[in-house]
Amino acid sequence: MAPENILALEAFNLKKVYKRGAEEIVAVDDVSLSVKKGDFVSFIGPSGSGKTTLINILGCLDNATSGSLKIGGETVFAENKSLSESELTRIRRRVFGYIFQKFYLVPTLTVLENVLLPFAFFQKAEATADPMDILTFLGLEKRVAHRPSELSGGEMQRVAIARALVNKPEILLADEPTGNLDSKRSEEIGGVLKQLNAKEGLTVLLVTHNPSLAKVADRTISLHDGRIA
Amino acid sequence: MTKKISIYQVAYKNLLRKKTRTALTILGIGLSAWVLISLLGFNRGYESALNKDIDNMGFQVLVTAKGCPYEAATLMLKGGTGLRYMKESVIADILKHKEVQQVTPQLMAAVFDPNKGESGGINAYLGVDPVTFPAMKSYLKFKQGGWFTQSDALEAVVGYEAAELEQREVGDKMLIPDKNIEFKVVGVLARSGTADDGTIFMPLKTVQKIFDKEGLITAAGIKVDKNANMTELENKLYDLPDVQVVSMAQVKTTIMSLVSTAKVMVFSIALIAILIAMLGVINTILMSVLERYQEIGIIKSMGAMPWDVFRMIWTETVILCLFGGAIGIGIAFALSKITDVLIRRLLPYTPTGSLIAINSRLGLITLGVVLGIGLVSGIYPAWRAARVRPLESIRSEGD
Amino acid sequence: MGTRTEFSPESVSDHDLRRNTGRIPDLDRRMKKIFALVLAIAIASAPLFAAVGCDLNDPDRDVKRLFPESTGYKTLYVTIAQKGGAEMLRRVEKRLGDVFQGLYETIDVPYTMYQVFKGKELIGYIHGVNQKGEFGGIQVFLALDRDGRIRGFYFQKMTGRYAKLLRDLEFGKQFIGLNLADFGDYDVASAQAKPGSRVGAIKNPAPQAESDFRAALRATKKNLILCDEFLLGNKFMKE
C-alpha cells in the first residue's frame, strides 16, 4: 500500500469534449487537481457544470479527450492515450468502489448476495474483509436475507455502499448518493461516509448539489462550466 | 451463508425476474424439442419396422404369371377371377441361372363360399412346395403341429389369424366349398405379423389336383445368392415367356428412397420449428438485456470484464435451452404411445412394430441440437450486453 | 384387427416395355400400383379379421333388427380373467357341464355384451359366442329380454355343407322363449336332454351335421351362462 501522503490521485489538464451533431460541447475544460490518500473531497456545482463528467474521468469510467491521470503514483493515461474497456475495468477493480444516485441493486438477490456480487467477477487477494463485518458496520446485519424490495431507500443505499467496499477499494466514488433520499436519510449517508473516511482511512470523492452534504467533506471543489471556480 | 456467489447463480436468478416470460420461452423450446425427437424417433421406428417387414418376405425376387393378382386380398377384390398361370417347368429354367440359390413354386386358388360373411365371400388357398417353401420362410414358427406329411396330402397349415377366425386346431377338419372336399389341419402357425397370418397353406400338388391346374403355378419365389448381381438376374428372367418379375430388393430401394425424400422434408420442418423457438429465445434474452442496461453497467463498474458479462448472459440462454429441451424430451417419452396411435390412424401403410422408437440416444442428440442452436442464438444478445459501457447506462442528473 | 399388410408384387399386365426395349419396366408406375394395392389390402383385410372377439358384424343394423323397438345400445367388453379369475372359470365350467378347451376357449377371451335401450329403459341384451364347428367356426348370437329369456336366435357365422339348413330362420325359432333354466338339465358332454323338456324338443334339420347341431346347443347354453354371470347377476344359478 502507498505510504502516507502519497497522492491517491493526480489529474493534469483534463479536458473532455463531446460532439453533438455539428456542435462541440466542452464538458470539462482544463481541470487539474490532486487528492491525497485519506482525503474527503466533495465536488459541487450547478447542473451542467461538468462535475459528473469530471468524476467519471477521475474514476476511470470514461476517457478524457486530453490530459493525464495518475493513480497511486502510476500513470493511468496520458496525452492522447485512450484506454480500452478491459484496461479501464482492471484499474476500476483494483482501485475504486462506486455508489450512485440510483442504487442499482439486483432485485432477485438478497442483501448479502448483492454485496457478494463483485466477488463473482473479481476478488482481490488482500480482500479478506468479511462482508458481514461491513454490513454490521453499516447497521444491516439484521437485513441480510431480505430482498431490495423490502428495504427503505436509506437501507438500499447502505447496501450499495457495502457492495462498493467489499473488494477493499482505495478510493470510494459517490455520485449524488443522496439524490433519491429524504433529508434525514441524506444526513445518515453523509454520516456513514464521514465515518468510513475517518475510521477506515478511505479516500472519498463525493459529487453532490446539496451544500450541507458537501460540508461533510474536508475539502470542497466548486465547478462551473467545466472549470474549477 | 455462502461467502461467494457465482455468475451462474446470478444468471439463473435473472431468469426468475420475469417468470411468465421465462416460462413461455421454455415452453416454446420444449415444443420444438418434442417435435424434433418425435420425428427422429419416427424415422428410426418406421425405418426398422419397414426393413423387418420387407426382410420377412423370405424371397428377394418374385416371378409371377403376367397379369396375375398375386395377393389374396386382390383376388377377393376381383371376385376370385383373374388368376393367370405359368408352367411349372419355368422353375427349372429359373434354376439354370447361377445367381439363383433356391426357387419355390406357389399356386394360388380361390373359391366362392356362400357361408362366408354376410352374403358370401372368397376363400383363398395357397399351394406351396413342402420341400422348398418352409426353408425359405424359416422365420415362420408353429403354435401347434408342423408342415405337411406328404406332398399330395389333403392337409393344411393355417396362419394364426385364419385359424383363430375358424377356431381351427391341429386335427380339425376344413371344407373347400364348391369342390366339397374335406381336408385336415396339421399345423397352426404362430403370429408372424405378416400376411401369412391370414393364409391357408396346402401342398402344391394337392391344390393343383383339386383345382385342375396340374403342371401350373401362379408364382415362383426366388432366393438370390448373397453376392449376386440382382439387376443382371432380373434382366435375364425377363427373357422367360409370359412372366412378370418383381424384385423385393427394388421395391425396398424405391420405398427407401421415397422415405428419404419424406425424411428430408420432415427434418426441414423440424428445423424450422426449432429456428422459430430459437428466435423466441433471442428475443427474450435481448429484451431482458435491454431492460437491464443500467444494471449491466453497474456490474461492469464492479469489475466485471466484458467476457464475464458475456458469460452471464450466455448462461441464461443455456439454462433456457436445457430446461426447454429436457421438458420437450420428457413429454415425448411420456406421449410416445399416444403419438404412435395417432400416426397409425393417419398413414395408410404402417408396418408392424413400434413406430416411434425413441431411446436415450435420440434424447441426447435432441438435447445437443437444442443446446447447440441455443448457444449460437445466445451469442448476439450476450455480445450486446458485453459491449455496454458503464457510462452509457448510468445516467444521473446533470450531464 | 385391420392394418396388417405386406408388400406384394403385382403384374402390370398391359405394360410391356421390356419386350420392346429390353429394359426393366417403369418402376415408378409400378410403385404407385403397389401402394394402391397396399391400401386396398389394408381396407380389404379389415373385415377379414374383425370377427375374432365375436362382435356383431354391424351393430347399428343388427341391434335394430333384433330389437325393432330399441333406440340405442351400449357395448361392454368383459373377460372371465378380469371379473372373477380362475374361481369364476371353474364355476362356469361346472354350470356348463364341460371344460373350456383348446387354443381359443380360454380364461382371457374377450366377450362383447350389448345392452339394448328404449329411451332410458333397459329392454334386453345381445351376446354372441364363438364355438368350434366341424369345418369352421360357429358364432351363435342370442337376443335376450330383461329376464334372460331368448327372444332371438341366429348364426352370424357357420361353415359346412349343411350350414344353410341350420341357418334357416325356422331352426332359430325353436329357441324363442327358452331361458337358462330350460337348459339346466341339458348335458352338453353327451348331448342328452331331459325327455319331455323344451330343449329336448328342438329338432335338428340336418341330421348329417349332428356335431354342428350339438355344437350349437353347447354354444347356446354357454351363451346363456355368460349372460347370467356378467349381466343378470347369476339369477339362474341354483345353490
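Lettered A, B and C in written order, each chain numbered from 1.
Just so we're on the same page, a contact is a pair of C-beta atoms (placed from the backbone, for glycine too) under 8 Å apart; a residue touches a chain by one contact, two chains touch by 3 or more.
Note that the structure is a prediction, hence the values are computed from the model and not measured.
Asker: Closest chain to the protein's overall Cα mean, using per-chain Cα means, please.
Answerer: Looking at where each chain's C-alpha mean falls, the closest to the middle is B.
Asker: Which chain has its C-alpha centre farthest away from the C-alpha centre of subunit A?
Answerer: In terms of C-alpha centroids, the chain at the greatest distance from subunit A is C.
Asker: When A-B is set beside B-C, which has more C-beta pairs in contact?
Answerer: Greater number of contacting C-beta pairs: B-C.
Asker: Approximately how many whole Å separate the CA-defined centres of subunit A and subunit C?
Answerer: 93
Asker: In angstrom, rounded to a whole number, how far apart do the mean CA points of subunit A and subunit B lie?
Answerer: Each chain's C-alpha centroid was found; their separation is 68 Å.
Asker: Could you grab the centroid distance between subunit B and subunit C? Build each centroid from C-alpha atoms only and quote it in angstrom.
Answerer: Distance between chain centres: 35 Å.
Asker: Send over the residues of subunit B in touch with two or more other chains.
Answerer: Counting only residues that touch two or more other chains, subunit B contributes none.
Asker: What residues on subunit C touch subunit B, complex-wise?
Answerer: Result: residues 1, 3-13, 18, 22, 24, 27-28, 30-31, 34-35, 37-42, 44-45, 47-49, 51-52, 57, 102-104, 130-138, 157-161, 163-164, 167 of subunit C touch subunit B.
Asker: Tell me, which parts of subunit B touch subunit A in their complex?
Answerer: 1-7, 9-10, 13-14, 16-17, 294-295, 298-306, 308, 389-391, 394, 396-399
Asker: Looking at the complex, which residues from subunit A come into contact with subunit B?
Answerer: By the definition above, subunit A touches subunit B via 27, 46-53, 56, 61-62, 85-86, 89, 92-93, 96, 98, 100-102, 104, 106-109, 112-113, 116-122, 131-132, 144, 163, 167, 175-176, 179, 209.
Asker: Quick check on the complex: what are the subunit B residues that touch subunit C?
Answerer: Contact set of subunit B toward subunit C: 53-54, 56-57, 62, 64-71, 73-74, 76-77, 84, 113-118, 143-144, 161, 163-169, 172-175, 177, 180, 182, 188, 193-195, 197-198, 231, 234-235, 238, 244, 246, 248, 250-251, 254-255, 258, 344, 348-350, 352.
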